[in-house]
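Chain nomenclature is as follows: A, B, C, D and E, assigned in order of appearance, with residue numbering initiated at 1 for each chain independently.
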Amino acid sequence: MYVFGFAVLAVVATAAGVAVFVVDSMARATFALAVSFVAVGAELLLLGSGYLGVITVLMMIMEMAIMAVFMIMFMMNPAGLMPMSMVHNKRGSLAISLGAFAALALGAILVPWPDRRGKPAGDVTRALGESIMGPKMLVMIGVSAVLFATIVSALTMATSRGRYDRSPSAPMGAGD
Amino acid sequence: MLLSLLVFLPVLAAVVLVLWRGAPVRLVHVVWVAVSVAEVVGFVGLWIAYARGAGRSGANPYAFDTDRAWIPGAGSGYHVGVDGLSLPLLAMTAVVFTAAAVYSRRESRDPLQFAALFLALETTCLGLFVALDLILFFVFFDLSIVGMYFVIAGWGHGATRAASALKFFLYTFVGSLALLLGFIGLYVAADPHTFDMVELTRQMPLAGHGASATLVLLAIAVGLAVKTPTFPFHTWLPPAHTDAPAAGSAVLAGVLLKMGTYGFVRITMPMLPDAWRGLAWLFVVIGVVSALWGALVALAQTNFKRMIAYTSVNHMGYILLAVGAAGLLGGTDATARSVAVAGAIVQMVSHGLITAALFLLAGVLFDRGGTYDMDRYGGLAAVAPRYAALTAAAAFASLGIPGFSGFIAEFQIFAGSLPSATVATAIAVLGILVTAGLFLIALQRMFLGLRRDGRPFADLTGGELLAIGPLMLLSLAIGVFPRLVLGVIDPAARAVVVLVSR
Amino acid sequence: MNEDPLALLPEALLLVGAVLALLTGSFSPRDRQGRAGVVAALAATGSLIAAVAAAGSSRLVYEHSFAIDAATTTGRLVITAATLLVLALARDTVRGTARESEFYVLVLLASCGASLLSGASDLLLLLVGYLLASIPLYALAGWARNPGAAEAALKTYLLGALFGIVMMLGVAVLTAVGGGQTTYRALAAGLPGAAQAAVAFGVVAVLAGLLFKIGAVPAHFWVPDAVSGATVPAAAFLTTVPKIGGLLATYRFVTVLPDTLVDWRLLVAVLAAASMTLGNLAAFGQDDPKRLLAYSTVSQVGYLLMAVAVAGRTADALPALAVYLAGYSVTNLGAFAVVAALPGRTTIQAFRGAARPHPWLMAALLACLLGLVGTPPTAVFVGKLNIFTATWDGGMQWLVVLAAVNTVASLYYYLRWLGPAMLPTPRDSTDLVARSAAPVALLCGVGALVVGLSAAVVSSAGFALMR
Amino acid sequence: MLQAFLVLSAALFCVGLYGALGQQSVVMLMMGLELMINGVIVAATAFWYFCAPAALDGQVLVLVIITAMTVEMAMGFAVVILLYRASDADMTDSVAEFKR
Amino acid sequence: MSVLPWLLVGLPATAGLALLVAGRRAEREAAAVGIVVAGVVAVLAALLAATVRGTTSVPFLVVSRLGLRVDGLAALTAMTVGVIALLVLVVALGEISAGRWRFFGLMLVFVAAVMLTVLADDLVGLLAGWEVMGATSYALIAFSWTEPKAVTAGSTALLTTRAADIGLYLAAGAALAGTAGMGGSRLGLSRLSVLPSPWLHVAAAGVLVAAAGKAAQLPFSFWLSGAMRGPSPVSALLHSAAMVAMGGYLLLRLRGLLAAAGWAATTTAWLGAATAVALGAVALLQRDLKQLLAASTSAQLGYVVLAAGLTARGGAVQGGAAQFVAHAATKALLFLAAGVWLHALGTKQLSGLVGAGRRYRLVGAVFTVGAASLAGLPPLSLWASKDAVLAVARGQSLPLYVAGLAGAVLAAGYAGRMIGVVLRPLPVDAEARYDTEAAGTRRVRAVERLPLAVLALAAAALGVLELPAVAGRLGVALGQGDRVSPSWGELALSGGLAVAAVAAAAWRGNRVPSPRWALSWFGLQAAAGAVVVRPVLGLARLLARVDDRLLDPAVAGVATGTRRAARLAARLDDHGVDRAVERIVSGTRRLAEFARRPQTGQVHQYYAQAAVLLGFAVVLLLIVR
């Protein structure tokens, strides 16, 4: 059952992933990506990481929504529904990624991974919470700083006007 | 402390000049000359004090020794001192710079910067000769290249000066990096790691490490050979000289070239004695080839300045022959080898004085006639007898006529080298014949015969005479009373021979 | 206990300074945003002082995830000092613009990230430092918001994202084979018994991210393009501060690796060789001084990596790295400052004859460019000397020779720029001199010389810290 | 079983890599990056679960990776907006002013 | 020891240098200074010869003090040099009218150098005097510097003698090598003859070559021919007592070395004899009086050289010294007389001088005395001295003796020719034959007469040196114990031959042909040109071309005159630094182009490259452990 579940989800995740670059519109691609992520989220559940699986799924859904909005707003291909094929260096990409896959898969199978040591805590989510408030606190403080930096950076880049430009026709930046 | 003050006085003066931007030109020149003369007085005083045994302590062979931490992590310190090897070169440096200063009275292009540059250059040259730390040596070595680059590029003449300057810079800089690699090799081999020359001389860190010692020696030797320059590495020299201003050429040939040969005597021979002895034949061969190649190519020149430049290759070749022969121990005694080394050191001083004079004289030629092409002149002895006489004297001094210092140098080199490198010396000595021929041809072309055209050619001015005359007088003094310099050089040469024979 | 709240005071000050600067900027009118700059400068200064105060100790804090030792102290000092210089340098460019205070905030955040990197002793913290040091860079590269800046931001971002992902994978693999824990301490114990292939992959993957940070081959592609597109101060920052953190992090990371399992030294040495060679060669034909300097920084990283390659083999490696980093930072910033100070001269040909109207600026350029070559007595010379000796001592003579050859080659393009600038020319230049960049350039030029000349003070301080 | 998860991870990673290498549109390229992160998440979780479930470092790592994914994507969108505003472009090929 | 020897060197050197430094300002005082100093030197030399023997030295080099040694030979030579120099300078008063500061200055320096050569006790001092002598001879021969031929002749003289001087450098090295481990002045001349084996031969060969060059022995004789371009007083001094004679003197002084080396002595003897014959023949066939005298100088010095090489019967140093002194006086006289005629009549061609002795009788008379002495007519000086040498030669080797005798006959022949020419009646077209060289003054100045007379007296009377009583004491003074005197038979034979030859030549002298080989002195100079000078110049040009090819950017840069310094670097490799560097540079440039190619600007290509490179990195780690 476990194996079967894994296999199905794996096939779904991979197939959806492949679909992202196969389907002919960006909207469908976004959808396929979301499917892939949901499948991966489910796989995380299989790995005893309920919390992480759930936030993965939630994050991805949010992100896909944003992405959809984006495509509508900014893409050269408005509505994101037109058929599209915007690919370069297809053969090279394929060769590199197939080669990488072969190498990684081979490594994954052949490498003598360490044996399992210990067992997961009873409540992994709680243990995770304790960990990030305890030994890994510095990491989490850092993550918060990263988030702050992301907000400032993203706003700096994304907002068309600075705080002081009221008129829409104002120049876009200092560099112009 | 006194020594450091003497070394850094010129650069301090340079800083003052640069900061004092509105200084009148005459005053700038006065300051420049005054500082240069002060240097001469200082080093002569130091010499006398040294000869009387002052400034020395205990068994330390270096007088006026100062050793301060500088880059302790890299085992490098600010270590300076003088001995019989460096003192004559220091005095010669001060004299040549003074001559350049006096000569440059009428430099019209940015005289202030010119003066400042030369003063700074003087510090780098003096610093190199007092350095007792390889990194300090290297620092001054490189800075002298930078300074000379600007002298050539900024105040040279000819459309190609920038290219010549660049070539000079690239060549010698490449050489300096080889040098640095060699120094690092020495440093790493020493235990404890150090760049201190005294300590390295004592330790001989690579003694018994055949191949690596040879490699390190080769690296250092390439660096020094480029600067010297010796045969395959000399090609930067003629264009650099041709395009450099007269004072720059005088300093370049008179002082900067000695950095290479000084390095051989100061660094490679004492620190890598067994490797030096192993490769001595190579240095002898390079010396002989340089001597003959330089002389023969000079013989074919029609450009006076290029010709002098090539004779430098010839003269430096003799030095290499001597220091190489000093590494061949078979069949001779230490005294004979010390004669060769003493000859090499005298040659450094002598060549500094004489070639500086010749280059300044070439500068006069260019100043009057606008070209170095000897065939464009002729019969100048009629209109410029003082110029002709002084040039002839310098030429004869350069070709090694007794009475001038060149003879003392070359005689000792040949006599001292012959016992250990008989065939090589017998071949090299032919060089004196070729140099004689080329100088006679040059004199004939420029001064003798009938005038080719009626263009005016003013004789030497008092200022020029004042710049060049003392150089020749000093050469004469050394030639007639060699004990003046040999008094300190001989012990130093003996010491080198002892060190290289360990 | 090692949960010392004050242990990370320098980083905390930078972070708090960023927040305060943002707030100050938010509540200031457009022409008064300089206040934010003052706040930022105060924060950086405070951080510098805090770093000095914390110097001398050597310990691990926060469950061994952050090391406070000589390397960290070096990183903190150099990073904050460089940050201060960039803040000063940027005044001309950012003053009065709509995003002035954001610039200061971003600079502080990236510095904080670099500082975290320099002390990170935990793969997780390494990742976080990587993100914190990278994200503001994208915004800084695109700060000018013109097409060039957009391209700069895009390329920086895309490469940063890719290498970040690879790094995460590497962290996962190393954690797994190293015993499940991410602290270096645990890894050092766990890795020697791990599978070689997995370790090899993990090492390369983690290094990939670090190589992006320091702009070394093969993760250097963003450097020239970002520098070309970004404003000069941003470019100066991009090529200086993250490298400091990144190199120290790399050093710290490789010292964890077992020598027996994989020949990481060789890998680092090859990367160093490739970086210095490629950077130098590619700089040959550049006409844009910014782009030339960008490639030159790639080559400089190659020299710096030499010290990493012999990490642990010789006690001199870390001090050498520290000295070189300090010298490199001041010299590189100086060169960029000269470019910033003469905004009208955008090609190296345009610098022809600049020595006449701007003697001091060109003197600074001379000191900085010859410094980058490694001409004595500049700071980089002292650094290079230390690194060369350390590398030789560490048994990699071939690398030293290659570096020397590269140094020679580098002369070519530095002189291509410098030479004409020193020549007299009839060009009448009434060009603009940026008011605050010029003093920074002079300061850096003097600094490069003073650091070199007073190497005793600087490096003995450095060495005292290291040993 | 670990191997199976790792192969899945590799597959996702490489599909993403293929997208990152081959897609012209920046947004599509970002999707490729997301897929790669996806693969990394699978690998990291599997490693935690199968190798050292007792230590929570693996879990925190996944958390950090998810955060990283989020912030990278946020930055990606910001860059795309910037690119669109400044250069009127959304393809990487058309943003190649700086080269050589 | 006394300061006298030093004065002998120092005084003329100082005075000469002072004149040279003062330049034109000293033009008026120059002659007076020159003659007074020369006079003082002559007196001092005589004083020296009379009173001083021994060695004196000052510290000089570490292995050698600078020493002066006065022995019989040196004293005699110094005195000869001093006296003749004085007389020559007096005569020069008449001939040198412009540039006196230069002439007298150089002459005094020259005399100082000769004195140093004569007195030097070690190779340093010897070489110093030797080379300065060469250098000043250059300046003296090229005294008329506006004439290219004179300058070229000076250069030839200097270069030829310097080529030979290399021998002395080698000898010095050999001396140093052969005295390894010894203390004291290791370059002392007295040590040369006790050097160990290989070095002894090197030293002997070096000395022999050096001396042969200076003494214009075969094959170096040709420089003497050109040296006639100098003013007559210069020739008179250079070719009589100084310069050329110094070659012979050196061999005499170092005869111990030659003898010790064995082969060297034999070679020396034969060299002298061969030169005496060959150059005697050349002299016989000249058309030009000064050329004739020059060739005869070589030939006559051949006897000095021969004497130095003789080892049998206690050697022939006494005869050599006598020959040296007698020849000095004779030849100075002849050159001065020739100079007087040249000055007065403007010609030195034998054809132009027909009857010149009758036109200026005093000059004619002293010239005839000199020529007769040169011819070896009894009882004049050279007859006796030559026979003293030949007598020893006969004891050593009959062929050597015969060769020497043949040389004597030739000498009588050319001397007879001269006598015949100058004593013939004045031809009617005499005036038409004058002024071939320069316009003559047709006047002999009084100041020139006295020295000529003194010299004539000496040339005639120095035969007393061979009177048994004198010769014996001279031999003792020169360190020759048992001396072989020529037998009466030998004397009669040589005297008879001389008389006969003179008579024949005086009678038929104007019919002597002048074949080209004689006029060109066997083509020695041309041979030297073809074998040495031209190849060297060619080699020099070739090397210079190689060198230029290696570094032609400067040349090419001048040609193209590119001004744009921004392109400096490009130019540097456009025109090449040198082949190797050029290739490196162009290779580097190609590499540099190549290095920029990865930077395509396309992000996906960056991605691909990075991915591949990272893959390689993993492979590297996997392969290399």
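Heads up, the rule we're going with is that a residue touches a chain if its C-beta (ideal position, glycine included) is under 8 Å from a C-beta of that chain, and two chains touch if they have at least 3 such contacts.
Remember, it's a predicted structure, so these values are computed and weren't measured experimentally.
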Contact-graph separation of chain A and chain B, given in steps at minimum: 2
If a chain touches chain A and chain D alike, it appears here: C, E
Pair joined by the larger number of C-beta contacts - B-E, B-C: B-E
Farthest chain (mean CA position) relative to chain E: A
Centroid spacing, where centroids are CA-atom means, of chain D and chain E in whole angstrom: 94
Chain A-chain C separation of Cα centroids, rounded to whole Å: 30
Euclidean distance of C-alpha centroids - chain A vs chain E, Å: 100
Computed distance of Cα centres, chain D from chain C, in Å: 26
For chain C, residues that touch 2 or more chains besides their own: 124, 128, 131, 135, 138-139, 142, 145-146, 148-149, 153-155, 158, 162, 176-177, 179-180, 197, 201, 224-225, 285, 412, 415, 419, 423
Sequence positions of chain B contacting 2 or more other chains: 162, 166
Per-residue overlap in chain E, given as positions that touch at least 2 other chains: 565, 568-569, 596, 599, 601-604, 607-608, 611, 618
Touching pairs among all chains present in the structure: A-C, A-D, A-E, B-C, B-E, C-D, C-E, D-E
Partner chain C, residues of chain A touching it in the complex: 107, 110-114, 117, 134-139, 142-143, 145-146, 148-150, 152-157, 161-165, 172-176
Chain C to chain D touching residues, read off their complex: 123-124, 127-128, 131, 135, 138-139, 142, 145-155, 157-158, 161-162, 164-165, 168-169, 171-173, 175-177, 179-182, 224-225, 228-229, 285, 291
For the chain E and chain D complex, residues of the former touching the latter: 596-597, 599-604, 607-608, 611
For the chain D and chain E complex, residues of the former touching the latter: 17, 20-24, 29, 92-93, 95-100
Residue ranges of chain E in contact with chain A within the complex: 602, 604-605, 608, 611-612, 615, 618
